[in-house]
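In the two complexes that follow, chain A is the common piece, with chain B as its partner first and chain C second.
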Partner chain A sequence: MQRDAFSQCHPLTNFLYFLGVIGFSVVIQHPAYLSAGAVGAAVYSLLLYGRPGWGRILGLVPLFVVLSGLNPLFNHYGQGVLFTVFGKPYTWEALAYGMTIAGMFVVMLLWFGCYSRVLTSDKFICLFGRLIPALSLLLVMILRLIPSLTRKARQIAGARMCIGKGVAEGASWKEKISAGMHVLSALTDWALEGSIVTADSMRARGYGGIRRTSFQIYRLTGRDIGLIAWMAVLAAGVIGAGGTGAAFTPVLRIDRPTWGLAAYCLFLLIPPAMQLKEAVQWRISISRI
Partner chain B sequence: MAHFHIQNLTFSYPNAQHRTLDGVDLTVEKGEYVVLCGKSGSGKTTLLRHLKSVLTPYGSRSGAVLLDGQPLEQVSQHDQARRIGFVMQSPEDQIVTDKVWHELAFGLESLGEDPKAMRLRVAEMACYFGIQDWFHRDVETLSGGQKQLLNLASIMAMHPEVLILDEPTSQLDPIAASDFLNTVRKINLELGTTVILTEHRLEDIFPYADRVVMLEDGRVTANGSPRQVAQLLWRQESQLFAALPTPARVFYGAGGEGTCPMTVREGRGWLTGALENRPITVNEPESAPTLPETGDPALCLRQVWFRYEKDSPDVLRGVELTVPRGCIFAIVGGNGAGKTTTLKAACGICKPYRGQVEIFGKPLKRYRPGELYRGCAAMLPQDPKSLFVGKTLREDLEEMCRDSEQIQTVAQTCAVAGLLDSHPYDLSGGEQQRAALAKVLLTQPRLLFLDEPTKGMDCFFKGKFAKILQTLKSRGMTLVLVSHDVEFCAEYADLVSMFFDGQIVTTDTPRRFFGQNSFYTTAANRMSRCVFRNAVTADEVTALYRKNRGDGQ
Partner chain C sequence: MRKSTLASLAVILVLIPLTLFLGTRLHGRWYYLTSTLMIVETMVPFFLAFETRKPQARELVTLAVLCALAVVSRVAVLIPNFKPMTAILIITGIALGAESGFVCGAVGAFASNFFFSQGPWTPWQMMAYGLAGFLAGALFHRRFPVRNPVALAVFGFGLIVVVIGPLLDCCTLFTVSTRLSWKYAATVFGAGLPYNLQHGLACGVTLLLFSRPLLEKLDRLKTKYGMMDARREE
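This part shows the complex of A and B:
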């Protein structure tokens, strides 16, 4: 993974940022805002994923095309008829609307891709652990259990293969299911055995006594508070400036962009800007040596 | 005042015929390092579990356990959680959370510590245990040794006065195990924490323990300094004598005089002293009969290269290996060197991208699917639990073969005939290993691979297991085992290979192999190399000593 300056911030800052960008991209259907969002999300994806990020972005293009083309097949409002399909008009207003919806979907996917990289499970738990302590512990334990169980399942399958009980190539589906059931049954036994030990280990360390506190390795610093304030100012700008309205069918009507668009762009660019700033600082400090 | 005082404790599990603990009287002083030993099933774990109320098993009980003079039941759960730390066997299952830092804080969170104080405690522990480097990692990425160290650290973060450890190293390899035990010793020396430990690897802890307590059938049969207990074991001809450190075994076996040596250093001193001014007439054990030449080899690896993923480094880098038929062949080497991967490549689980594997002279690729594992090759996995699917051992064996006569024969060979109706998970570690072996043997392999077969076995079980392997060998089976257990390989293998850096470095008979090495060798060899040549087991050293002293003739 690439090193990312924004990921080093407090989970709350990360969370509010994603709340902002994803929220805005869902609510605002204005094409200028949408394109800005698409560029912002693509840039951040590339920063986070590096070279494989291109694959992710290009992979979304066909999805965008298909989804955009689909809408006019069901939505026949609009005046500019391009051609008719099955006797129904295929209008360019409906196509524009389709592109907006598809764009929104694609941008959301990109943002969620970034979200999962930045807001890892432990950050999520740090944010919501205090609200629902029991649930957050459960989540942590599940996160612990999943990789451990997959590893054990693989181990069991390997061990069974070596005594001639594995799934041979070209086995019938019946054999495959029966082999799978055996692995599952062995895995269940093993996991149950393990869970007794886990329960003992938890009680031995005082679990279930008085109310749990929760340990945090993240600290809300002045920089985080500054960033949050900055995001609040920009978000207020986007909302206050207006000019975000857009209607497609039956008549195309799009507001003229105001300076709210500039505020939106600034909002989107927070992570890349931080990355850039860090890179420049390093360059300067290296050149001083 | 004694830290723990156990008074006439008797306990039996519900529906059990016999008492698991029978009138145990024991005091543990503050800051003491007490080792509890005994065969599996002697009640060690049950006794340890009585020292913490939440872990105490259900059953009928009489007697009392006092902590600092106060009955344990009257000490609040909160206090017990804080004051008594308990480390269990399985490194894997004890961990609750998914991140190292979170696991360190788990106990403190449960005790409702203030977040600020917690931060300091966690930092302190991470430094003390050298965890800083993997503080942010997922626990899934840790090795077994690291996991167990994390369990210890997360308990030490609560600052317990007593540390109770129930066979903490049974799932670890010897190097990780001795690291772990050294950390425990350091805690005992530097922090004054009382340590109560059960362990089957007595070699590592006997020299350091303040006191050794021996349990047999739920009774304390010996209680004293390690030297006293060693002497007692020798006099009683106990089966546990085999678990003592090699120098002590040689000393008593050879009928030495003076104080019993416990470490290799002391052993050397005693041996040179005792043989001083005596001509060394025989300085080498009689050479073992060489293996008869037998046609084409059972297994042959030629220039095998393998890596797990396209971009990952090579694990096997041109492995060359020839295993003659009808022998016990051991592969030793460091952790993560690729020994297990070699086994996997040999039995077809890993497909090498270059090189060739031949089993009984036939390339692996030419075996039809399923043919290889029927009557030809089979592998006993590292964790026997990965083979059990049935409710009883009998069900498990019937999965392999319907013929009840054959099942009886194999069960007898593996000494599990009496355990056929118990659940595989109710068996002890050594019994599980033998049960898994029985299951594997029902495929009637001619070539058997064993991955770390002696892991988690006590000495007594090891001897029993080795006998089974020798029986199999005498029936013409070829056994290839991968092991960390140098002593086991020295005693029972016919050929030993050293694996390093993705290759087999050397292959030789154990006597020549370990005789040449000065670090990677048995304790018996390290102790005796100043006087004898190529003596690698305790029995060989004893025999040479007797010959040169002229006794026993």
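This part shows the complex of A and C:
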């Protein structure tokens, strides 16, 4: 994974940023805002994922085309009839609407892809550990157990293969399912017996006795507070400036973009701008040596 | 009155109608936001109940193990798209009760998305899988203690095809449609049906083969170590 400047910030900053961009992209269906969001999300995905990011972005294009083309088949409002399908009009207003909704969906997927990379499970727990202690402890234990149980399942399957009970290449479904159930059964026994040791150890160390403290690796610095304030100003600008309205069917009516669009673009560009700033600083400090 | 009961009453009587009202009144297209907010609001009382109960170590660990087992189960069976996850959540609900079943399903869906990808579908998956555990627990935990694998398999298959699958399809519908119409809904549900049938079949087969062994294992733990009476321990 490439080093990303925004990912180094406090989880709260990351969380509020994604709350903002995903929230805005769900609510605003103005084409200009949507295009800005698409560019912003695509740039950030490329920053986070590097070269494989192109595959992610291009993979969403067919989805976009299919979803946009599908909508006018069910929404017949609008004046500009392009052609008729099954005796029903296929209007370009409905097509534009379909493209907008498909675009919103695709942008949302891109943002969530970035979210998964930036707001990792440890950051999520850092944010919500105090608010929901029991649930986040449960989440931590599950997140630890998933890789551990996966490894154990492979070991069990390997051991079964050694005694000639493995699943051959061309095995029938029945054989595969029955072998899977045997592995699952052995895995369950192992995991449940292990859980008793864990629970006893937890109790011995005083779980549930007093209020638990939690280990925090992240600190809210001045930079984070500045960023949060900046995001709040920009978000207020987007909401306050208006001009985000757009209606498609039955009549196409799109507001003129105002300076709110500029605020929105600035909001979207926070992570790439931070990355750029770090790169420039790095260059300068190298050239000084 | 308990704090969690109060919270659920507040959610059901105030928050959800308010969301619906705002969602229908506001100008524009708010299907996804309104429906997802309602889903999240419905889950809050369950989580609050779990938090305020202050679960003991044994209960917490048992839940975590069953939950992780549900997520991992797809690795065990080498057939693509054969997902026994719901089946294990149903068994958890039956063994530990409706509340634990819900928490197990919802947190399990959330945790597994850390390994795949979080997305607009995350709250919906949490609700759907939580509901699977909840309904199984509400019906079979104490009320009708049915342990017959065939009956459970039929229940699991029906639950997925009728409730869980369509609930997940609703997420697609609210996210991608420009106008809500029965025809569009029928198309989305129709497209989802083969997938739901496959999912339901996997769940049914797993319940048929695995429900008795797993329930026996859990019973054995109960007699051997006094697990699952977690609420009475200490």
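By definition in this document, the second predicted complex is superposed on the first by the 289 of 289 C-alpha atoms of A that agree within 3 Å, B and C clash if a C-alpha of one lies under 4 Å from a C-alpha of the other, contacts with A are read in each partner's own complex, and residues count from 1 in each chain.
Please note the rule applied: contacts are C-beta pairs under 8 Å (C-beta built on N, C-alpha and C of every residue); 3 or more make two chains touch, one makes a residue touch a chain.
Bear in mind that the values here come from a model prediction, so they are computed numbers and not experimental data.
Trainee: After the chain A overlay, clash or fit between chain B and chain C?
Mentor: fit
Trainee: With the two complexes superposed on chain A, say which partner A:Y115 touches: chain B (first), chain C (second), both, or neither.
Mentor: A:Y115 sits against chain C, while chain B stays out of touch.
Trainee: Residues of chain A touched: more by chain B or chain C?
Mentor: Touching more residues of chain A than the other partner does is C.
Trainee: With the two structures laid over each other on chain A, which partner does A:T198 touch: chain B (first), chain C (second), both, or neither?
Mentor: A:T198 contacts both chain B and chain C.
Trainee: Touch check for A:L276: first (chain B), second (chain C), both, or neither?
Mentor: neither
Trainee: Figure out whether A:I210 sits in contact with chain B (first) or chain C (second), or with both, or with neither.
Mentor: First partner only.
Trainee: One more residue to check, A:D189. First (chain B), second (chain C), both or neither?
Mentor: both
Trainee: In the overlaid three-chain picture, which partner chain does A:A159 touch, first (chain B) or second (chain C), both, or neither?
Mentor: first
Trainee: So, A:I101: does it touch chain B (first), chain C (second), both, or neither?
Mentor: After superposing on A, A:I101 lies in contact with chain C but is clear of chain B.
Trainee: Would you check which partner chain A:M141 touches, where first means chain B only, second means chain C only, and both and neither mean what they say?
Mentor: both
Trainee: Once the two structures are overlaid on A, work out the angle chain B-chain A-chain C from the Cα centres, in steps of 10 degrees.
Mentor: If I round to tens, I get 70 degrees.
Trainee: Using only C-alpha atoms, work out how near chain B sits to chain C after the chain A superposition, in angstrom.
Mentor: Between chain B and chain C, the minimum C-alpha distance equals 9 Å.
Trainee: If I apply the document's touch criterion, which positions on chain A are contacted by chain B in one structure and by chain C in the other?
Mentor: Residues common to the chain A contacts of chain C and of chain B are 121, 137, 141, 143, 148, 185, 189, 194-195, 198, 200, 202-203, 207-208, listed in rising order.
Trainee: Which part of chain C faces chain A closely enough to touch in the complex?
Mentor: Going by the criterion above, the answer is residues 27-30, 32-33, 47, 50-51, 54-58, 60-65, 67-69, 71-73, 75-79, 82, 84, 103, 107-108, 110-112, 114-115, 117-120, 175-179, 181, 183-184, 187, 205-206, 209-210, 213-214, 217-218, 221, 225, 227, 234.
Trainee: Flag every residue of chain A that touches chain B in the complex, lowest number first.
Mentor: 121-122, 137, 140-141, 143-144, 147-148, 151-152, 155-156, 158-166, 168-170, 182, 185-186, 189-190, 193-195, 197-198, 200-217
Trainee: Touching residues of chain B toward chain A in the complex: what are they?
Mentor: Result: residues 52, 54-55, 77-78, 81-82, 86, 88-90, 92-99, 101-102, 105-115, 118-119, 122, 138-140, 151, 154-155, 158, 344, 347, 349, 369-370, 373-374, 377-379, 381, 383, 385-389, 399-400, 425, 439-440, 443, 449 of chain B touch chain A.
Trainee: If you look only at chain A, which of its residues touch chain C in the complex?
Mentor: Residue positions touching the partner: 26-27, 29, 67, 71, 74-75, 77, 94, 97-98, 101-102, 105, 108-109, 112-113, 115-116, 120-121, 132-135, 137-139, 141-143, 145-146, 148-150, 153-154, 157, 167, 173, 176-181, 183-185, 187-189, 191-192, 194-196, 198-200, 202-203, 207-208, 245, 247-249.
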